[in-house]
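Both complexes below contain subunit A, partnered by subunit B and then by subunit C.
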Partner chain A sequence: MRKRRREAIEGYLFLAPALLIIGAFHVWPALYAFYMSLFRWEILQEGFVGLRNYGRLLEDGDFLRSLGITAVYVLGTVPLEMAAGLALALLLHQRLRLRGLFRLVYFLPYVTSQVAVALVWGWVFNPSYGVANGLLASVGAAPQRWLLEPNGIVAQNAPPSLALAAIMLVTVWYFVGFHAVVFLSGLTAIPAELTDAARIDGAAGLRLFRYITFPLISPTTYFLLLVATIGAMTSFNLVYVMGGGGQAFGCAGNPLGTTQVAALFVFDRFWCQTQLGYASAAAFALGLVVLAITVANGRLFSRRVVYVG
Partner chain B sequence: MRGPALALVLTVLVAACGPAGTVAPAGTPGPEPAVTITFWHGQSGVLGDRLGELITKFNSTHKVQVSAQFQGTYDQLYQKVVSAIQAGSVPDMAMVSGPPQTAQYWKAKALTPVQQFVDSADGLTANQLADFVPALLDDNSLPVNGKKTLVSWPFSKSDALLYYNPDILQAAGVSVPKTWDELRAALNTVKSKTNATPLSYTPDVYYFFLPYLWSQGGNALSSDLTKAAFNSPEGQAALQYQVDLALSDRTVAITQGFDWQNPFAQGKVAFAVSTSVSRPFIEQAMPADKKFKVGMAPLPAGPKGAATDLFGNNLVVFANAPADHQRGAWIFMKWLTETDQTVAWSLASGYMPLRDSARNAPAFKAAADQDDRVLVALNALKGAHGIPGSPDWQKIQPVLGDAVTAALLGKSSVKDALATAEKKVNDILAGF
Partner chain C sequence: MSVRARRLGLYVLMGGAGLVMAFPFLWMLSTSLKTEAEATSFPPSVFPAQWLFVNYLDAWRAAPFGRYFLNSGIMAVGQVLLSIATASLAAYALARIRVPGRGFIFGALLATLVIPPEVTLIPNYIAMQRLGWYNTYLALIIPFGASVFNVFLLRQAFLQLPGELYEAAVLEGCGHLRFLWRFAMPLSRPTLAIVALLTAIRAWNDFQWPLIITDTADLRPIQVGLTIFRSDVSTNFQLLMAGSVMAVAPVAVVFFVAQRQFIQGIARAGIRG
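Then we have the complex of A and B:
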């Protein structure tokens, strides 16, 4: 009995550092944000408004637009980076020469600071002296305004704007290596006897992938889908820097708000417009949306996950 | 890790607001307090070094000691001050990038008005005060109980100017334009007679829209700062002018941030618009074999004369600081803007001297004799406007920025852009 108690105390002590950090930097701020969201709060706390900030969100065209932009951003990046990551992983899983080098090269963007990456790509897309327009000019195409272009690439006034599309491209480029490496570990974990047995039964190529490989890496796929979706829904750094945060006009989400994903909306209302209560409501609402989508993801896909015992 | 926006935004928050502003007693001319005051500023690089030298000089000659703490860019400085006000742990004094932020701090009851120190025994006489450029005192004043009151104190001030490349102007046979119409004509001539880009600029509310609006006699907000006033014939003219240049004449290259600077420095651009402190940056970016003398002129005039806007920063004293610290902060601020120091700071930084007497100070005169461009910004001050001192300006400015961008990209007509912006701004000012 005594021993068990001692073990329990030891266990809690081991947990304490992590709990403290999570408590201080995640749980407490989240609770405090909810508290703030119940007030009109500019620099200082003003009157209690109950849930009125949340009601305002539902009528705020800018907030709804930011959710739409976030949806486009998630749908335009997550499937692409996962598919490309899987394709790369399959290639790198072969016995290639210089396989280690390729793995390193594809993983490299992921270990680079997002801000640095965003700044470099900002130069690439610079309309006056960027490489992107240089390439267009070399094939005789008209120069583009890239990150300054609010017009949509599909329809003029529908997301994604060219600016957002450019940011999405960079996002995919940035995360593809991460997906490839995680998929690769999933591929390595497939027991050789299963693939061998399938081969003896005559499966090869696509069929082998369809019936053996893909089902067996489904835990990895599921994990990546969750992580990537949550990450994309709360994406901030790349979009903030490439979307001209800190520019003189419009605080975050230039041009004309077409790159203002939900996290940027929160940032904009919080720091640029100093509506601390309203921004907290938006942050909290965003948290709920992310939670809902994660649960939905779980409901939809977790049953299709196959674990090899 | 992708940016955890929620955590990022929220971790910065700390509990509870500070107590309401305490009013320091008007100082009797007592001995200087032996206190160390903390001063948050946003002056980096060479300017930070020069400021450090000035502070060292002050510390060696005063009982008050200043501990200067660099807080990053103006945006970061603002964010830290806002967080400090939340936490009730403000410094004694800080740099503020403009009247809207001052108005926000004031609204949050975080400041002690500088007027209180100016009127105190340590203060300034009416004559001494009259030596300061009036536009600068206006820039630092807010209406308090219906009375114009100095809430902050000027320090590093610059204004928007027209930059030009004299070689290109000569090649095109145009002289420096004095009115907006002359500028438009000059741009067209440059376009037809040379290969240069006539004008390169970042469409910003400050460099073009507001000065043009003011030069027509218009205003951004009503004088009591409660209503939008820019959707007027003057405002439409101001926006139409830029649209004409960009979409009809096609004489401008629209850039992002300071991207116009390098092409201008390389001699590829005839005109640019920026603040008076841009010159050293342009000169630094010039190729060694293709140097030219950067031309600087006041912004073109409209029917109501020339107007420009004030940039740079002011100083504030926090209400939560102990009275002797506040007094120490004022003694430092006063010293910093004495003629000798304002001239030294101006010559070191490219900001403008703040006082009329600076013009006659030997060091400044010598510099002006050598290069009369140091006078251009100073002369333009006469028509300078502060950015509207509304605590809501921070919310208003992006709305105006979007109106300008939408019109310039042809996504919205001038009329629609301004009408949309007017509605949004009025909502903001109504306290929504």
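Then we have the complex of A and C:
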């Protein structure tokens, strides 16, 4: 009995450092963000305002627009990067030479820093000297302003602006290798007997994929959907550096705020306008939206996931 | 369709995709070697007329890159060491010690993964000010000194160790801490390598947090330095690209050398930065 207790105490001591750091810098701040959101808090803590910051958010056109832009950003990137990632994974799953090399190249963007690749893509999309306009010129098309273009690609005033669309393209490019690698590990885990048996029964090509492969990798698909959605909803670095960060642009999500996703809105109110209480309210609200969508994702898709073994 | 034509088609597809994926990196390299006049000529040339490696020297001199690299290095090494220590201890307790409520603790740890970084950013900024850690290495290292993913990965590794090993060690009078240090950690070296790699690269590439809690060049890591370098060199795109190459190069080299561990780690933990 005594030995049991001693062991338990030892166990808690082992857990203490990790729990302390995660608690102090990850869990407590999430609660403290809610506390801060109840105050008028510029640089210093001022008067208690209750839920008024949240009321203000609901009437703030910039905030509502940032949610809309975030929704477009998520819907325009996550399905595309997942589909392209799965396609690449299926290619890599073939018995081919140079497989390792291709996997390396596809995956390279994901290990490099988002700041550096955002600078490179900013250069590619440079309106005066960029290679994107160089390609357009070589086929005789009119040059574009890319990251400086606030006009929408579908309708003039509807998101995504060309600037946001360009950032979405870069986002897909950045994450597709990640999806490919995780999908590939899912494909490799499918027992060979299953696919062999299906082949003997005459399944091949698209039918094999539709009825055997796709259902069997559904846990991977579900997992990726979850991670990618959360990541895209809170995406900051790429958007900040390409669409409005740095001294050249300020915090606004240029051009004309058309790239101001929710994370950028939070950062703008916090860092550039030092409205810490209001920014905390926006951040906390964003956190709740993320949580709600995570739960909804679980409800919607987890029943369609097939687990084997 | 013959098998041969099919294979050729596959190679063309994969090669095309590879070119698209690699293109920005090639373009960055190409621009970094051009003269200013050539970099800002339109339409752009694919290859530099002459290879100006001196651009790298100019970029290096135009900003305190040495200091930026040192700061990123300190941040990465600090986070790796602290994170491995905290994660090993916690993972060992969760896998091997009979702690009441360990299922609950593990579940609670996993649940913290839904807290997005935006939510914790502002309170942590305030906390750094109050602790007096603002613009210090402590702020760059301690808050990221424990990661749920690392605990998760190491717990898996420790669970796979044979139970008899521990029983035999106990008979020899070996306690938990010594067992962890002498047996569990050495036997889990592949997982530790993955944890170290992922933590180091995450630290090297981190941007938003160091942006808000560093204030002077002597604390600034490379990613923050790079955005400041952008406004300094403004239209000298060849220098900006040389700086970007320098920021990417260390990670790319580590990735090429250790790609197997790296890709395994990503596939197992599914970490998205």
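Methods note: the second predicted complex is superposed on the first by the 290 of 309 C-alpha atoms of A that agree within 3 Å, B and C clash if a C-alpha of one lies under 4 Å from a C-alpha of the other, contacts with A are read in each partner's own complex, and residues count from 1 in each chain.
Methods note: a contact is a pair of C-beta atoms (placed from the backbone, for glycine too) under 8 Å apart; a residue touches a chain by one contact, two chains touch by 3 or more.
Remember, predicted model here, so these are calculated numbers, not experimental data.
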Between subunit B and subunit C, which makes contact with more of the residues in subunit A?
C
In the overlay, answer first, second, both or neither for which of subunit B and subunit C A:G231 touches.
both
Is A:F223 touching anything from subunit B or subunit C once the two structures are fitted on A? First, second, both or neither.
second
Which holds for A:V27: it touches subunit B only (first), subunit C only (second), both, or neither?
second
Once chain A of both complexes is superposed, is A:C272 in touch with subunit B (first), subunit C (second), both, or neither?
first
Answer with first, second, both or neither: which of subunit B and subunit C does A:L286 touch in the superposed model?
both
Does the superposition put A:S128 against subunit B (first), subunit C (second), both, or neither?
both
Please work out whether A:A263 is in contact with subunit B alone, subunit C alone, both, or neither, and reply first, second, both or neither.
both
Of all the subunit A residues, which ones make contact with subunit B and with subunit C?
25-26, 29-30, 32-33, 36, 114, 126, 128-129, 231, 234, 236-237, 240, 246-248, 262-263, 266-267, 270-271, 276, 279-280, 283, 286-287
Per the touch rule, the subunit C residues reaching subunit A in their complex are 7, 10-11, 13-15, 17-18, 20-22, 24-25, 27-28, 31, 39-44, 85-87, 89-90, 92-94, 97-100, 102, 105, 109, 112, 114-127, 142-146, 148, 151, 176, 201, 204-205, 207-208, 212, 222-223, 226-228, 230-231, 234, 237, 240-241, 244, 247-248, 251-252, 255-256, 259, 262-263, 266-268, 270, 272-273
As the complex stands, subunit A meets subunit B at residues 25-26, 29-30, 32-33, 36, 42-45, 114, 126-129, 147-148, 150-151, 231-232, 234-237, 240, 244, 246-251, 255-257, 262-264, 266-268, 270-276, 279-280, 283, 286-287
Enumerate the contact residues on subunit A facing subunit C in the complex.
4, 7-8, 10-12, 14-15, 17-22, 24-30, 32-33, 36, 88, 91-92, 94, 96, 98, 101-117, 119-121, 123-124, 126, 128-131, 133-134, 137-138, 173, 175-178, 181-182, 184-185, 223-224, 227-228, 230-231, 233-234, 236-237, 240-241, 245-248, 262-263, 266-267, 270-271, 276, 279-280, 283-284, 286-287, 290-291, 294
What residues of subunit B sit close enough to touch subunit A in their complex?
1-11, 13, 15, 17, 73, 75, 79, 82, 85-86, 104-105, 107-110, 202-206, 253-257, 259, 262-263, 391, 394-395, 397-398, 400-402, 404-406, 409, 411
